[in-house]
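Look at the two complexes coming up: chain A is in both, with chain B in one and chain C in the other.
And now, the complex of A and B:
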């Protein structure tokens, strides 16, 4: 079955894009990892969501891109009904303070990762934010117990009665 | 809709219409309608064409419209229709009220972390030897699931288990043993009390309709010994199949008791309610009446608030009510008796009969919801016992116990019960491991149930 949740990675430098995807490859069996090298290409993926019956749970986005920049893309996503709930992360070496503040205030930025990043940190952040997303937006968290934070997912089930006796 | 659901929809409607098109000699017209409703419910429950609690409500709806005095059909002289209130009042049957009290208590326990703190305290004496840690996990799970939902208990225990697993070597078989021990213990613990698991409710309601009052404490005397023996057996089995490699695993459970006024109110109400339940035989206050105590006290002190009430698993109560209601019209229209009369039971010795019921319940509920299995089987079981084939109130009680207990020991597959599904979803347990130990536990339990039918219950009833 096609995964319900997409992880979108936006990065224009091919080597860097590969490195990000490699560092989150443990999630590939449970999530669709989609790649885009420009904001415009990312928009195409977003616009195709209703047809694909998928939702973007997490975006890992570079700031400096040819054409529209990463922060503007994130703000646009925040204003779009389809991607408002997407957990948004900036991976960049070049976003200034003003740009970053803008992303926090206007795009509800969840995390800022400075390049070069620590692969474990990237994987931990991905796990944490996807767990948040599943808890808030997915009816049945069981398929994600293996890969995400099982303790938090189980505690969510305990507190909210997601699954009941039958 | 998936293919299976379409097939289910078609078969369900066909099942509903079939008895209306045919005429079975010796069965009333109302009995034909009741059979249609039974077949529709059975197919819809099996194929999950619609959510199982919706099927329950559909049963009540069809009974009210087709079989009640106020319904749309006028019935002949061979059936005097029951008032429609008989069917809708199953939604507030004493057993439903008992479960409501249990749900309020359990959800309030979660709200104030009482379940986790109890676990922390109760696990402490079991030390750090993995063998005894598994026994500890199982005992705590079983005790809690006797009073809380099996599924909620499993979810809570998984939050306790994950940090323990993290401290266990990835190749240690104990990981599998521990991950299996929790759902198994939750399923086993559910049989110990009337409120432990929904199938108990369906069976007790059916027994009540026969004029048999089942006290909370008496149920425990009938069923808890089985739970204890099976818990120890499951522990032994898991140790044999998955012997722990590590000699020591440090438990480091952090937490503290909440000390707000509301939390203390909950602790007191919890203790008093459970105490009154298990001592019903001494004071004679019905458990359903005691169940109003947590509902009233916890809401009037705002310990349990409007938001918490909305979060209660109401659909489970609906599911049970539909099961109770289904049995009602099967008895009233004479359908259940008609089915029982159609089979020559005399050819079968009593114990073989009991064994067939136990085995069918076990097999069915491995694939179906436990509550559904109990709902489908209890009307036939009761008729069989009252029709004189087996005879006597003691046999009604016994067949009820056999059905309720056997459904709860279905734990072969991840789909058998929600606790199993949760355990497999962690990825620690493979379905294969579950099939092996789940089958052995199921069959052992059935044998024990049959032994109890012959040598234990007759001396109590």
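And now, the complex of A and C:
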């Protein structure tokens, strides 16, 4: 069975794309990692979501892409019902301040990672944002205890009565 | 009014004063009016009312006028024998416009105002002389005024010329200064680039060497670790590694489609592994299917080998990209060359420029038609700046979509090489076509990213320093086209 939550990685340089995907390898047992090398390709994946009965929990997106750029893609996703809740991260070597501010204001950017990235930081951010997403949007977070922030998930479930102390 | 003395007195007014002297002597009144002063004595000051008229018999007097804004007196006119001093104040009754000061010991007739009419009545002759003297003096002053007017006029036009020259010189200086600043910037950049290239080359070389070593070590390690195993298995693993190194790069759509196909072959595998299989060519997948049927536990070993290979491929291709960029940067800025003017193939500079601006132009369809052309003696770094300016300008107007068409050629009749760079942007408004090469012309509203809006003006200077030409025009099929010609 396919995982319910997708992590979408958008990056046009194949070596870099490979490296990012490899660095979030540990999440692949629980999440479906999808790759796109253009914003247009990412849009196709997004449009296919209803058929696949999946949702995008997290997008890691490069800024400079051929065609539509990363910030514009993130803004589009913010305006799209299907992807409004997706946690959005920009991984980039060169988004100017203006573009970044635009992403924060218009796309609810959650994090900005500068290239070259630190794999531990990437993994920590991925874990944190996916935990946020699961807490906010997934009815039964239990299966994610193994891979995400177990303490926060447990707190959440305790407060919402999914598990009890007794 | 009668002129008893003809015109000679206009030139020699002392004759008149001598006649007046004689008349006054005859009447015995000369001593009463005669008046002597030493040098440097002030006769009267500007602004005073004059009660006397002075007729200069000997010596000379300087008239001064005070400048209102700095209170400094400047000389107006020098009066010699035969001059009437205070003539304007005397005839108009107004305050004196000037101050009068003797330049040497002087003798005057000083005649009180009220005496003038009286004297004229008493001595009809004297009245005639006085009239003539006044007239002569006024004519002299008038002549002086006209001369002054002419001097003023020529001084004015000279001043205007000088002002224009100064303006031009200032503009030239400004341009030169901006260029100097720019050159200095480029020179600094060149040094930085040379240092940077050197610094980057070392770790890159170390990286690349380590990768080579790592590869051979890994192979040896594998061989020793599984030495008791089937040699066929070992060589198959080696094959997967080698093929991984040559896997190349597929676009993400292809990978996704092939991942689904791989899933049909290997329904039990998870997605990361399927994605690896998706990167394999068909014959390798077939081999993998065969191998894993015979030895299901070997599958992961082959996949690992393939992924090792792909990682090596990534490192090598990334390393080569770094070296390539550094090489382009060095040759672009000519930081490795002593001579500024060299025999060059300008196409190399164009390629370097495209490489270095790739992050701005990778969105565009690039059409290159760069056939072989004669080498020319030129400043390569300068010309690279020209290509860069034109290309980045095109990128600025086109934004994220468009095309660039770059061609070159050789015109053997005119002995010139030419380069055209055409974009698919909106073109240049007619009214700006002649202005875009002027310094400080820019259409960028805010936040100029590079330089001072000087790009095209500097480009023009660079091309003209090569005795070449640069023109901008709008192509018939839309877009701006820049044409640079350089003599061979």
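Keep in mind that, in the parts below, the second predicted complex is superposed on the first by the 162 of 166 C-alpha atoms of A that agree within 3 Å, B and C clash if a C-alpha of one lies under 4 Å from a C-alpha of the other, contacts with A are read in each partner's own complex, and residues count from 1 in each chain.
Rule of thumb we're sticking to: contacts are C-beta pairs under 8 Å (C-beta built on N, C-alpha and C of every residue); 3 or more make two chains touch, one makes a residue touch a chain.
Here the structure is a predicted model, which means the values were calculated and not measured.
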item: Which of chain B and chain C A:41 touches, first, second, both or neither; value: second
item: Which superposed partner A:29 touches (first chain B, second chain C, both, neither); value: second
item: Which of chain B and chain C A:66 touches, first, second, both or neither; value: second
item: Chain B or chain C, by number of chain A residues touched; value: C
item: First (chain B), second (chain C), both or neither touched by A:19; value: second
item: First (chain B), second (chain C), both or neither touched by A:120; value: neither
item: Set of chain A residues, in rising order, touched by both chain B and chain C; value: none
item: Touching residues (chain side chain A, partner chain B) in the complex; value: 142-143, 145-146, 150-151, 154-155, 157-161, 163-166
item: Residues on chain A engaged by chain C in the complex (per definition of touch); value: 14-15, 17-19, 21, 25, 28-29, 32-37, 41, 64, 66-69, 94, 98
item: Complex interface listing, chain C residues touching chain A; value: 249-253, 255-256, 270-272, 275, 310, 314, 317-318, 359, 362-363, 400-401, 447
item: Interface residues, chain B side, partner chain A - complex; value: 52, 107, 110-111, 115, 149-152, 155-156, 158-159, 162-163, 190, 197-198, 311-313, 315-316, 319, 369-372, 417-418, 421-422, 425-427
